[in-house]
């Protein structure tokens, strides 16, 4: 399969290139960037030297349509919505890694993103690509989920889909590595400000909240809201979510594990930890796995769910390739079944 | 004031020495260690070279009683209870940094610590030294609080003391730097296992849970239990607690801030952040401050409290010196009013 | 090709498994450990869950000889020499990652390693596997080079082989990530002791010195000694060597680059940086590349060579697979031509 | 003593404030910034909340002259030269932390800094304040040394002043923490680019080279040049220099140590490590110490000197206060004799 990547110089684009390079059935047809052209990507990213020789090209839709079957938009929110149309209209597979097509309601998008929304028919057409639960295998226009949303939704799905929890009880304490803030240098990504530090940001206002709510309420319409926090921890890659919910009825630890094991028995990238074991960021580093640990506290009738991913892989580029594999009828794990980088 | 430190070679003991060295009214009379003697501390800790020349001495209670007015026990839980008696009986000021005298109920200690408890009369005699709320200024035998307990209790006190929250709603998501695990090398303190990582430990079983419960229920006896999690983050020093509670009645952000400002108006080491601002670990590094940020989410009727400390200072040695200042009738901030180390 | 890994639970063994898993022409026949048996590796290393299901088996040479064509010894120095014989005698390909067979002179080994040496005929038989310069393609018993030695020798080879430098002028300032110290927790691998720190170790006594000297003197017998330092930096993976040498004759920057480009024109894993550009550890992370940057200072007549590798890949498991590829007549880069993990 | 700080919002200025705050004989009269005014410093730096309440004021020389005896210029190179005059002319003590007055030769400044130099008479008037070797105790206009220069010069002084080394043999391999690059976010201070990384910068072109040469040649005019490298390591604070020199005559380890011990016997902030012991960054963190370790390799006739400092203290603000102490006739260590922050 011939693919193009638009937005090749951001962290999401670079990770796509890393993963696509080792996919057995993919050829990278072209790489594109708004910010830079007329150079090879390796001129800016020395890790690619002698491996990826493709030039960074201008974005010429006609040419891309001519040479590629699949286009990945690794462009920021606010950009994807303006450039997606030609590829969608031409019938290419389009997988967008931004937030532009995730929310079905344009007004909600405008409120949380502070930007004008994509057109209503495009919002209707795009399919939210939470890979483990995406049903419409004929969909070719995919809104790839956000990193926090992926970790949170995979952590909550078994309980919420079966409507086993008090719908008002969901509290998500999410922590993210610094790469989640992107490549642009800011004071909140400065080493001396972030190393040996931890900080909370976007209190009650993170744009993944409506995305999570949209999916959760599709599973249990009684959920009125979630409490959702986001913090920065001094790691490069990784999302670590600690989720607290109250079951409607007390649950045994065993029942809880069985529920999760069963839900994900056909999902190669979700690994339920054995009882009394909790995942760490490092065990999924640079891989497409979402590892989930579970606890139940009888005293407080609280289930704790720990769900970890690599934000650049399962939270972005890896899940995008999972979605591409569905479209292309490849095996779900083709190109993604490698071992996490440890230590 | 002449002071001795027993357990001088652990992180708590070393931090006591660092802070006592710059206290204007204190002389270190002697330093003691179980593991090492007949050498100076600087032989093992080169940062002390040419500054602290005291030898590490054997623990001779008669001699210590003779030369010191105050003894700090920076010994691990399970040791302090066996060595405290002579100093208490001799009427010295005794400040214990371990968990041995914090819990009034010996059975609770034995359950959570897995060790035999101190005698009932010593448990009764020891005063829990949460400095901002310690009332008994004549107390000379102090159980210095745990690090998580300090951050959590200072974060919850204004709401709980005024019985403003649903007593079943408390969820504490605590994160600790690696120095909290002590100086002994283990696989969970190994750099390659902890850097670029985050992990959860002691799920629902951390020994600070009963300590927090004992204090909270003294403020509001209706609190049946708390949900309390502890994670390791790749920083050397610091506790970052994110606390979620539901107020009995909706609160304005302004009322919330006023409540906290008022509660701590005479507490030099608790700094309430301005509205919409949340503290980071780095802003209290190497200092005795506890910085607290506050948010209220109308949609979920949830208050989020962020409370951060340096675990070795406000969570151990600094608070111990605050307690010593009370006993000695020094100003509360004597020796502690320095600026945090930033960046 | 069927392969076995002995010493599967150390960092070297784990990295071999990670790389062999994605090698297109290899099957892992069995995994072995001294310390642990009767369990799967994934029980101890959750990153392998659902990917590597092999049990950890006892070391039964007859069985290994029966099922495998190649044996990797990822055992520590002092162990490999005691266990290698059956596989060598049986004619298996044996690739040893320890220092036991690198030094031709057993007395030198005993001096630097403080252990008794392997037998003289085994020392004679083993071929030093510095992949880019290993000539004997029929060799099946390989002593895989050390991490510092690899970075240093690849950095020096073009100048030394052509005898272009003052043989008394070599100074190597080497820095290593903490994984080079292995998996065992010690005070020098403790997070709180290593993070935000840098320290020098084994001053003038690192065991890679004789290994480097042996190879350098095979290229230029006039080299009497090298000055070689080793420091620990707070990174998990990586060797960063800064090498200073004085050319016999002043060299232009261009001539220097041409020399290196020419030397390595057929070496897929050595990447000479463009002029005035110097490699970073991150650009080779988790990959088999050795990236080299070059400078010449006219004022001091000094060439500076910066040579970086991932110590666990090019400095251990990756180079071992390069050597296996030679033996098996695979392409040199088979299973190794993936993109480094960045960022 | 009343002091003012101009450039209070940079890392150097903030560190000055931290140290001046705990100096027993100093009052901060005013704080000034170019970038920000009409706010308190604590509005931007929450670590200062409730401790430093001074406003950030405009730079009004007449007022500063009226209220202060000493002015610290913590302004960047290129700024100090333009603003120093009024304070110097008014006879205030002026201590400049930038590079503007360090080089006696304006042309050399212009070549290495790429900016126009201060006037010749000001360059002549300013005294280079390497505290341990500054002789002119009547000097009131001080050019405070650079961080690399301080670590390098203190490491080399005993050998160079006694002309014991081959003047062509000096090689300095310097490593710096990220705070050395200042507070402005750039791609080379971005956490994801610097953590788990190491990189070399300003190859053979660092602006501290002429500063070091100027001082070294004042001690031994035969030194023609030095080889000097600078690398970034992922730590917040710290300079770690590894220096290689060849003695004219072979030296015993004992003679080497005696030389250094003797040279620094009256220098409270230089601590010579015991034989076979080498300093780490952490043992001087947040302190004014320069710790030095020494080795001699007979095989290569090379002395290795390891010299470490905290770049923001001994490499900037701390040494500035040492210089202020000289001027004011305070004890050299007043306000600086605290214990480094460890761990």
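Some points to look at:
Letters A, B, C and D mark the chains in the order given here, with residues in each chain numbered from 1 onward.
Heads up, the rule we're going with is that contacts are C-beta pairs under 8 Å (C-beta built on N, C-alpha and C of every residue); 3 or more make two chains touch, one makes a residue touch a chain.
Quantities reported herein were computed from a predicted structural model and do not represent experimental measurements.
By the document's definition of touch, common neighbours of subunit A and subunit B comprise C, D. For the interfaces B-C and B-D, the C-beta contact count is higher for B-D.
The chain with its Cα centroid farthest from the Cα centroid of subunit C is B.
Distance between subunit B and subunit C, defined via averaged C-alpha coordinates, is recorded as 46 Å. Taking each chain's centre as the average of its CA atoms, subunit B and subunit D sit 36 Å apart. Among the residues of subunit D, those touching two or more other chains are numbered 11, 177, 179, 192, 195-196, 234, 236-237, 280, 282, 285, 343. Those residues of subunit C whose C-beta lies close enough to touch subunit D in the complex are 168, 171, 173, 175, 177, 192-193, 195-201, 203-204, 224-227, 229, 231, 233-238, 240, 242, 244, 276, 278, 280-282, 285, 293, 295, 297, 299-300, 302, 304, 306, 308, 343.
In the complex of the two chains, the subunit D residues touching subunit B come out as 11, 14, 17-18, 21-22, 45-52, 179, 195-196, 236-237, 268, 271, 273, 277, 279-280, 282-287, 291, 337-343. Chain contact summary for the complex, subunit A toward subunit D: residues 11, 177-179, 183, 185-187, 189-192, 194-196, 234-236.
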